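Look at the two complexes coming up: subunit A is in both, with subunit B in one and subunit C in the other.
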Partner chain A sequence: MLELRNINKQSGAEKHLSDISLRLERGTLNVLLGPTLSGKTSLMRIMAGLDRPTSGTIHVDGVDVTGVSPQKRDVAMVFQQFINYPSMTVYENIASPMRVARADRKSIDDAVQRAAALMKLTPYLDRMPLNLSGGQQQRTALARAIVKNAGLVLLDEPLANLDYKLREELRAELPRIFAESGTIFVYATTEPSEALLLGGNTATLAQGHVTQFGPTIDVFRSPVDLVTARTFADPPLNTISADKTGNTFVLESGVGIPAVDAIADGIYTIGFQPHHLSLTPSGAEAVALRTVVAALEITGSESFVHLRFVGADWIMLTPGVQDFAVGQEIEVFLDPRLLLVFDGTGRAVGQTPALAA
Partner chain B sequence: MTDPDMTAGMVTPGAATIAQPRQAAALNRTRSSVRLGWLVPTLYIIFLLLPIYWLINMSFKTNQEITGAFTLWPRDFTLRNYTVIFTDPSWYSGYINSIIYVVMNTVISLLVALPAAYAFSRYRFVGDKHLFFWLLTNRMAPPAVFALPFFQLYSAFGLIDTHLAVALAHCLFNVPLAVWILEGFMSGVPKEVDETAYIDGYSFPLFFVRIFMPLIASGIGVAAFFCFMFSWVELLLARTLTTTDAKPISAIMTRTVSASGLDWGVLAAAGVLTIIPGALVIYFVRNYIAKGFALGRV
Partner chain C sequence: MDKTWNNNAWFLVLPVLVLVAFSAIIPLMTVVNYSVQDTFGNNEFFWAGLDWFEDTLHSERFWAALWRNLLFSAIILAIQIPLGIFIALNMPKRGWGVPVCLVLMALPLLIPWNVVGTIWQVFGRVDIGLLGRTLAAMGIDYNYVQDPLDAWITVVVMDVWHWTSLVVLLCYAGLASIPDAYYQAARIDGASRWSVFRFIQLPKMQRVLLIAVLLRFMDSFMIYTEPFVVTGGGPGNETTFLSIDLVKMAIGQFDVGPAAAMSLIYFLIVLLLSWVFYTVMTNYGQGDER
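This part shows the complex of A and B:
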């Protein structure tokens, strides 16, 4: 078990991490989700022992390892850039952690062949890493991490620079490979969809804070605050401020949305995912909203419709190719049961969307 | 929406008429440059190689021919000058001395510069930029400035007339240069390579020797070349700090005046032999030097 207690990291006047406490259990997959510069890499470097936290401690199975060098920790790490040893062959690159650990030839060869087969690198073992494609270079780095068989595996956006197809393939493969060894698997990503595909637990990071940590689906369905909800939404979360009076959220335009939970009257921010807007009412309670089309992006099977509603800019994700003219006024529908409600300080209140995701 | 099409349609015929004379002019230019293309490089090579040719030419002549007549090639071809150098200890010991202190200096410079350059490329510390610049300023002073202090200092330690004295004195100029060159090459290696090695379990010395040094091998080659060349051609300090036992070849060459006058032929042969090591070293590191230029150093 890896435990971070009140980790702070400051470099000069900049605060990279503030008061982070996390407990990662053995055999779990943990996703660090956050935009660039949110502190994912800083946190991973501290977990690996490459950097020392400014304050706070790190415990592995109850033992304080805060100042212990990475050599003495049971850890493997893969960086976002393709990092290999350019002067060694792919085989030697993969074998390197075992060579340093003075394993015998036979077990090195077995482990390297197994990892190379998993990463589909067998034909390239005699090549130099710089003569490989980017994907193959990163798979070499991943194979090295597999061979190390460490208790803590840190992958810092390992698939970010790979092509789409390879990414899909490896994303499915990686958790399975590392799950077998009962390791603590930590995976940093900027993409909410990647976190959802990986499953496991997710810690959302925003500006050096862990805003929420828990099972990925729970974090996605019921974010504790607006920041988490925004971090965990791609395309961006749609929000609008609403005045709750009685059983209704009154929007600026005067449109009312029925409020499900009994919460105090006042000003709230309501949020909902882009795919919660639809062109046809999803049920009897769906609220109709008149919006203006601001832009249209078509991916083929889906359309992202950028909408303007009173003062707010929204995005609607809707299936099929939609053909709207910019400036056209259209009616969209929102299911009030799917709303996320946040109070003035950004904390989520009451309402837990029952049918979210 | 139709604008781009229209302009494109209007431009095309005009472009065609303009293109023709322009093409003709270009053809003319290539033709004339083909005709005169040989001239500049030929002149360049003649001017560059003439002194070297003359030196080689002289080294195979007898003294009478050198002083007596103007000949473009040796009429009376002789190897006597080279025989003198390879048989007379006072000559060939100069080469041995030079090679000893040059190699010593190159090794010391690299051993000192490698860790220093690593520190400059990987760590930020108070005044690092100033210190880096200050190192380089050492190269801005002429060696003559340091001749007297070195002589005084080494006399006190009994180092005068040893190979070590010259090797150490040249370090003053070569270490900063080597640090500067190596820092450029090291900064080209991402820091994550170091970190990956630490995570893999490499200790720092093991990482440095087994992973890092092969990565900057070309930088080490270039730095070694510059240390070698400076130390090989430097005359003033080498002559000041030696008397007999460690006298370098360049110093011996300046003392060939004897009662019978100057021995031109032997001197020319010594000159040829002095050029050869430098030429050999350049040949071996020529590709690395190009790489060094590409990295913005050297």
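This part shows the complex of A and C:
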């Protein structure tokens, strides 16, 4: 078990991490989700032992390892850039952690062949890494991490520089490969969809704070605050300010949305995912909203419709190719049971939207 | 698609052609012209064929100077390349130390060659030079005017002082281009300092090292100004390199023909050795970088 207690990291006047506490269990997959500069890499560097936290401690199975050098930490790390030893063959690259550990020739060869087969690198073992494609280079780096058989495996946006298809393929394989070894697996990404595909647990990071940590689906469905909800939404979360009076959220346009939960009257921010807007009412409770089409992006299977509503700009994600004209007025529907409600400080209030996600 | 021929295109290369003609081809052809003729002044020339080339290749004086050149270049490369790498590795990577170091390193490179020669000529003098006096006071028998070894040491040390910076700056640029993640990966792997150098820094510096070796070889093989100023080729002929010999012959003795033949041979040797260096080092690196 890896435990971070009240980790702070500051360099100069800049605060990179503030008061982070996390407990990562053996055999779990943990996603660090946050935009660029949110502190994912800083946190990983501290987990690896590459950096010392300004304050706070790190414990592995109850033993304080703060300040212990990375080579004594039993960690493996894969970076966004493809990092391999340029003058060694793929074979020697994969073997390198075991050579450092002075393993015998037979077990090195077994481990390298197994990892190479797993990463589909067997035909390239005699090649130099820089003569391989980006995907093969990164698979070499991943194979090195597998061979090391470390208790903690850190992957810092490992698939970000790969092309789409390869990313899909590796993303499906990675959790399975590392789950077998019973290691603690930490995966940093900027993409909410990647976190959802990987599953496991997710810690959302924003400006050096861990805003929420828990099972990925739970964090996605019921974010504790607006920042987490925004971090975990792609395309961006739709929001609008609403004045709750009685049983209704009154929007600036005068439209009322029924409030499901019993909360005090006042000004709230309500949020919902882009795919929660629809062209047809999802049920009897659905509220109709008159909006104007601002822009249209069509991916083929889905359409992103940028909408202008009184007091807000939204995106609707809707299946199929939708052929609207820009400036056209359309009616969209929103299910009030799917709303996320945040108070003036950004904290989520009320119940978990049961049907969300 | 049919190829269209348009001779107007030649006009586009014309400026470069003119420039190269005046800067390289015409002077070189003048030398070729001299190398096959003999003259006694008065602008009278007689056809000499390949006599001067034969003479040069049979002259002991030429081989002795060539040998000195090769030895000098070998010593220079053997000292400056490792020393340059070593200094580059130990230069600060960030902070206020970077500009300070870079300026200090660039200083010797900014001094004109004859001034470098003059500085060391005075610096090493036993009667008034700081270095010469200090060594004499320490009881070391040092005199670059009389002792061939001292003369060599002086010329070598002077060149190291003057040109190691170039190797340092090239290597430093090569090191600066290595992403930080390489060092982090190496630390996690538990790689030793030597392994980091051998398996990350050296392969990544290979390109700039190739340039450094080529530049330093060509420059040191063509050395002229500094030893000319400091030792004038002496004592005896002990520090008479090919270029110094050439000038003695062409200007001192006005043997234009033999001097021209010798400079052509000299030119071909530089070309050949540079090509060998280049081929060896690029082949060595194949598969590593692309």
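Operating definition for what follows: the second predicted complex is superposed on the first by the 357 of 357 C-alpha atoms of A that agree within 3 Å, B and C clash if a C-alpha of one lies under 4 Å from a C-alpha of the other, contacts with A are read in each partner's own complex, and residues count from 1 in each chain.
By our rule, a contact is a pair of C-beta atoms (placed from the backbone, for glycine too) under 8 Å apart; a residue touches a chain by one contact, two chains touch by 3 or more.
These numbers were taken from a predicted model, which means no experiment stands behind them.
With subunit A as the common reference for superposition, the partners subunit B and subunit C occupy clashing space. By the touch criterion stated above, A:85 is placed in contact with subunit B and with subunit C alike.
After overlaying the two complexes on the shared chain, residue contacts for A:96 are found with subunit B and with subunit C alike. In the superposition on chain A, A:128 makes contact with subunit C only, not with subunit B. Once chain A of one complex is fitted onto chain A of the other, the partner contacts of A:16 are absent, as it touches neither subunit B nor subunit C.
Residue contacts after overlaying the shared chain place A:171 against neither subunit B nor subunit C.
When the two complexes are superposed on chain A, the residues of subunit A that touch both subunit B and subunit C are 48, 50, 69-71, 75-77, 79, 81, 83, 85-88, 96-97, 100-101, 144, 148. For subunit A in complex with subunit B, the touching residues are 48, 50, 69-71, 75-77, 79, 81, 83-88, 96-97, 100-101, 141, 144, 148. Of all residues in subunit B, those touching subunit A in their complex are 190, 192-193, 195-203, 206, 211, 214-215, 217.
Subunit A meets subunit C in the complex at residues 45, 48, 50, 69-71, 75-77, 79-81, 83, 85-88, 96-97, 100-101, 127-128, 130-131, 144, 148.
On the side of subunit C, the complex with subunit A involves touching residues 179, 181-182, 184-185, 187-191, 199-200, 202-204, 287-290.
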